[in-house]
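Take a look at the structures listed below.
In the two complexes below, subunit A is the common chain; its partner is subunit B in one and subunit C in the other.
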Partner chain A sequence: MSTAVAASSSRPGLDLRSLAVRIGFLPALLIAVVAGMSAIDPQFYGTINILNILRNASFLAIVACGQALVIVAGGFDLSVGAVVALASVVMAKTMAATAHALPGQTTPIIVCGVAAGLGSGLAVGLVNGLCVAKLKVSGFVVTLGTMSATAGVGLMITSGIPVYGMPDVFVKGFGRAQLFGLPTAVYIALAVILVMVFVQRRTLFGRYVYAIGGNVEAAIVSGVSIQRHVVGTYAVSGLLAALTGILLTAQVGSGQASFGGDRMMLQSIAAAVIGGVSLRGGIGRIEIVSVSALFLTILGNALNLLHIDSRLQPVFLGIIMVAAVALDELSRRRRTQRV
Partner chain B sequence: MEGSTDSTPVEPLLALRGISKRFTGVQALAKVDLDVRAGELHVLFGENGAGKSTLINVVAGTYWPDEGTFRFGGEDIHHLPPQRARAIGISPVFQEFSLVPSLTVEENLFLGREAASGGILRVGEMRKRARALIDELGFDLDPGSRVDDLSRAHQQMAEIAKALLGRVRLLILDEPTASLTERETGRLFELIERLKRQNVGLIYVSHRMREIRALADRVSVLRDGRLIKTLDAAACTDGDLVELMTGRKIDLLYPVITHKPDRIAVDVENLTLVDGSVREVNFYAQSGEITGIAGLVGCGKSELIRAIYGLEPIAAGLIRIDGVPYEHPAPRQSLKHGIAYFPANRVAEGLALSRPVRENASMTALDLDSFAQFGVLRPGAERAAIALIMDQLKLKPPNIERIAGALSGGNRQKVMLGRALTRELTVFLFDEPSVGIDVGAKLEVYQFMKRLVEADAAVIVVSSELPEVLALSNRLYVMHHGRIATELKGEARTEQNVLASFFKEHLTAEVA
Partner chain C sequence: MSDAGLVVVRRDRVGGLLLQALLPIALVVMVLGFAVVDASVLSPANLLNIAQQTSYLALFAMAQTVVILTRGFDLALGPTVSMVSVGTALAMATTTATGHGTATVLLAGFGAGFGLGIACGAFNGVVIALLGVSPFVATLGSYNVAIGIATTLSAGRPVQGVPKLFSQLFYGGSVLGVPAAIAITVVIGAALHLMLGRTVFGRSLYIIGTNPRAATVAGLPVRRILVATYVLSSTLSALGAIMMTARTGSGEPNLGGALSLQAIAAAVVGGTSLAGGRGGVGTAVLGALFITILSNGMNLTRIDGYVQMVVLGAIVILGVLLDQARLERH
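Right after this comes the complex of A and B.
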């Protein structure tokens, strides 16, 4: 019997599998989708399509960075989609109003508009954070509430009608502009990702966020101020969602309460989770989340190019998300069993 | 149990032969043989990482061995998932509790084997059986209370009760007394005697010599995944066991500490906590000495030092650190004042298990300029400092990027101790410093305290293990029901005196 047991636990093909584990499933899936689509449809690697993918991936990646930070700290931010919409309409309205007051002076108009947009996101983030930290209500519930409230405010401001009146420079010179052949949003997303990676790895804030998500009690004993950092994660998430709202608005040319929404919220959570962020907190890296945002965007694009019924697409996304997380969980379980 | 009455063939209840188990890169068990007879208490003895937990996990069916034969009750077992192990009468009680916190004791007892007919629970029957079992065990435990409302000791009792529900032929106990009071321990020992008489075999993992002396029939010593020797408990001395376990001679478990009491570092006046667990406590601790605080589980001794560190809200009273009043203690302030706290429960309060050793060790020192400036970390400096510290503390394996969850109890404690070396500290509060760690690691903790005290730090040790506080402390306070019952110095620090003060308090409390 001893030999039988020994033989059954020998390991053929283990090296291949451990290689896959080391690289991760995500890049492998990403390459598979890109290779497959390039073979099927030449339109996929056309310049226009690639720019389109990059732009959309940038929007999602920025929101997902904030979402990932909140989840790493052990929280949840359902309000990001609504914040995208709020920031969009607040900025557009502010710009329209300042343009009315100071006609022709583009710089103050843009500064006021962007500041108001970011400020609205920051405000929602702070409300989220303070409710979670001070009232000890779970992040899920708090942000569910602010999601609803924020979406309502967005609709109230616009009555559902797109808001125009932004300076041309802002739309044509920034939102739709390209720098070295790439949309401006891509550069901003890269900057956000780089800063967030730095924050996670090299700053006290990032380290404490890991510690709080890893074990709150231990963080308290270690003298970490929990409330301040929890509020910080939600504030960053709100701010980044607002940034996405501003970029979207600048690209489209009007402020709309229909931007972002549930879809953006769900996708940001999907990007974080597929990117290896643990819903139990304490684990997750921004750079992988960004790759995961790119993957989700490419996947959506591929489904469009393949003329898959738009009503069927969310089904695919759902399946992919559950499968990716299950694969990740499986590989982790295999690893921990060996340790 | 059944059928084994004709005792002519003395086949042991459990017979393991040549059991080996490898995890990536680690030979956890190498050709281990183990016999457990019916009605015998068999102690597994060894340092952390010696393979004890792997072995009991093999017996319980959690791991399947790579090699070797497994016989139980005279039958070869070829496949043993945990459910089957339970079904054939192998019942483990692990240190990590297997209770669902949000369910009641009774629901936990029957979890996975509920009495039901056609999918409908037979609540009344289960309640009756749970009550009968708990009464039989003599535990002071309400089957209707939720597990997360229970103290650790009561959770431990629920865990043991769960293991004993149903037919048990082999009971595995992994350090069962770690969180029990003396009285509850006494109950458990009576229960063990009763089980032995009922011909149940027991595997018992413990680091406590006293228990091994009181209970063991045979002792198997493990080291580095190998079985060193199985001996009759009656025929060996403590020294023999420790020598076999460590492979080196340890003459004295407790180091000789030269106390040189100096200035008063911590002075507590009339301290009362909001939850009433500590009432009107006066005590002081000097630098250059170890001040011990003894007492039963739940007497308020942990809460006392937690309050000094800033983890328990204070209702009234005054704390002075180096003669200066310290108001509204909070962990961050305490660290700045040079006070460090080492929690008893290293999993719940000490470590972020998903994060690497490096991050856990530096966690309390990141506000220092040497680790971070203007909120930006200095990874090189951090890595160098922590590597040096963990090297001094002999972390095994010496890899500071390993996640804390992968470490054994002794090594987790070393990570906690490492925190103390990351910054200038003068007051060290140890809460049950040796719970869940083996003799070798205990020795290192004691040596660590010795170095601290001899470098003129003030060390306060709170412990439920009497021999430990007696041996380590220069002055000893005994706490009872939230108050200081007595202070013992010099020759007066004896086990009798400590116990006497418990009883004296009991008597006066009952009279009053």
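Right after this comes the complex of A and C.
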């Protein structure tokens, strides 16, 4: 750190470059895509499309925030996609059941449903965290296992059929509602991002997560309780994935075991990684990850509007992800060589 | 003092042996358990069926194992399988349609299949070893690219027009009475076993996995070896994909499905360590056998497919716990 500061102060020309490296190529790329698309297709900046982008970006950003936290601590959460599905069906089932027991009383129905949904996500997160922290099994394998198990439970509950029976108020008054012209999911995502940024920067928990991901040995020596904080990261990730499941369910109007899935899981990791989170742990900022989630959503939207075959779209996603990380790695290498 | 030490050592050794033998024991117990519920599990036809099914997964588990040995893994294995299947079928269908001879058709199919596989492996290897991207991101990238290519080439539909002879040879055919799939896997497995144990290249994979820095200091061309490893891995996947294409008789754009993670699960359950440096053909085959028997038995005893997913997930975690216990003894 101190050498970097010294280098930038001695050569003012480097200052700009190091700033560019710090922010990354992401905002520039984002602006380029937005500007390019606006020029090509006026549909792109139509209200409907923008709302659509923001809503989808919100879902992804919430999951990616949790994923990023886990990765910063040096872990992995492959189960997020399955948790989205589980929370969706658990909430819908609970609401349908409570509606049967207490017909017409919407408040308890909604409270029970949301609590059950969030609870299911928290439970999966705790299992992940406890297995990783107490049993010292790698996060990759643990969440690989819980991903399969969670997806299986979600399908078992529903037999793969959508679950209906949620209160109208919940769907129309919350999931599909708009506040000052923006979908409710956008406000919730913003709140989550703000809280997570605060947690990361200003709370002990956030700082310890960096410490654990950066250097476990040093964190142990400094007296950081590794286990508790690792469990915490997985719990947050599970909780946030469940939140996305609930928002998706509220928007669609039924609980479905097909929500989330591998696609959501891979995209959340892609968002984190493109957003500068290092898979080696210890590096990564929530706000950039959120921008990255927005970028991925806009990219997908742009490819759709350009009528690029949806089958070919993964190719772009894959290449952009690898390129973003490779550029990041190369610039880091160059910096360390210069120092 | 010394007596106590001896006892501890002996108990340790017994415990270690038990841990080593646990998976084979569990396999036998599992087969017997399923047989109690349904005797047809032990019928010769079903045993042959299990062996045949295992041979595909074993190949993919071997493909994962060679990269896991170097502390990597290949998330793109499944999509690579899909891509190779589609490519092989397309090449054969096209050459058949243009009236080429059988030899040319088969050659074109194999050329396209292995070509695509090797290209994917080279991409992974170059991105990981030369650009320094983590295996996770690199193969997640090629995962997407391979899915895109597979579904675009095939327009999302099965590719028909694969010559009958291809299926007859590589699915229906047999060598000395052994079905082709099993024979191929045994030969490849034996070759890979020798390669990992007896060649400089093979040994260097273990060194890189155990201690990458030591490997570099010792003067091993780590980058070149890593590229070669990923190419080897994808070539094995391509072989498995071609064999599976012979089985289905068409190029399937979603043949790979959940294979990436299934192959990792098989390798890990068998005792390959994700920390690198430990594992081999034996662990890959054992893990593949375990998972195949488990799902075969659950199918025959009519356990719900969704419950099977839960069981499989639990098994994966359990397998790693055992691995951890084994590691602590070392």
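Everything that follows uses one rule, which is that the second predicted complex is superposed on the first by the 317 of 339 C-alpha atoms of A that agree within 3 Å, B and C clash if a C-alpha of one lies under 4 Å from a C-alpha of the other, contacts with A are read in each partner's own complex, and residues count from 1 in each chain.
The working rule: a contact is a pair of C-beta atoms (placed from the backbone, for glycine too) under 8 Å apart; a residue touches a chain by one contact, two chains touch by 3 or more.
This is a predicted model, so every value here is computed, not measured.
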| item | value |
| --- | --- |
| Fit-or-clash call for subunit B and subunit C when the two complexes are aligned on subunit A | clash |
| Partner chain in contact with A:I40 - subunit B first, subunit C second, else both or neither | neither |
| Partner, of subunit C and subunit B, that touches more residues belonging to subunit A | C |
| Subunit B versus subunit C as contact partner of A:F140, first or second or both or neither | second |
| Which of subunit B and subunit C A:I161 touches, first, second, both or neither | neither |
| Which superposed partner A:S222 touches (first subunit B, second subunit C, both, neither) | first |
| Contacts of A:I283 with subunit B and subunit C, given as first, second, both or neither | first |
| Touched partner set for A:C131, first subunit B, second subunit C, both or neither | second |
| Segment of subunit B that clashes with subunit C, given the candidates 77-85, 95-103, 257-265 or 437-445 | 95-103 |
| Of all residues in subunit C, those that touch subunit A in their complex | 127, 131-134, 136-138, 140-145, 147-149, 151-152, 155-156, 261, 264-265, 268, 274-275, 304, 306-317, 320-321, 324 |
| Of all residues in subunit B, those that touch subunit A in their complex | 18, 23-24, 64-69, 76, 78, 309, 311, 330-335, 341, 343, 348-355, 359-360, 363-364, 366-367, 372, 375-377, 379, 406, 419 |
| Contact footprint of subunit B on subunit A as seen in their complex | 1-2, 5-6, 9, 201-205, 207-208, 210-211, 213-215, 217-225, 278, 282-283, 337-339 |
| Complex contact set, residues of subunit A against subunit C | 76, 131, 135-138, 140-142, 144-153, 155-156, 159-160, 266, 269-270, 273, 279-280, 309, 311-319, 321-322, 325-326, 329-330, 333 |
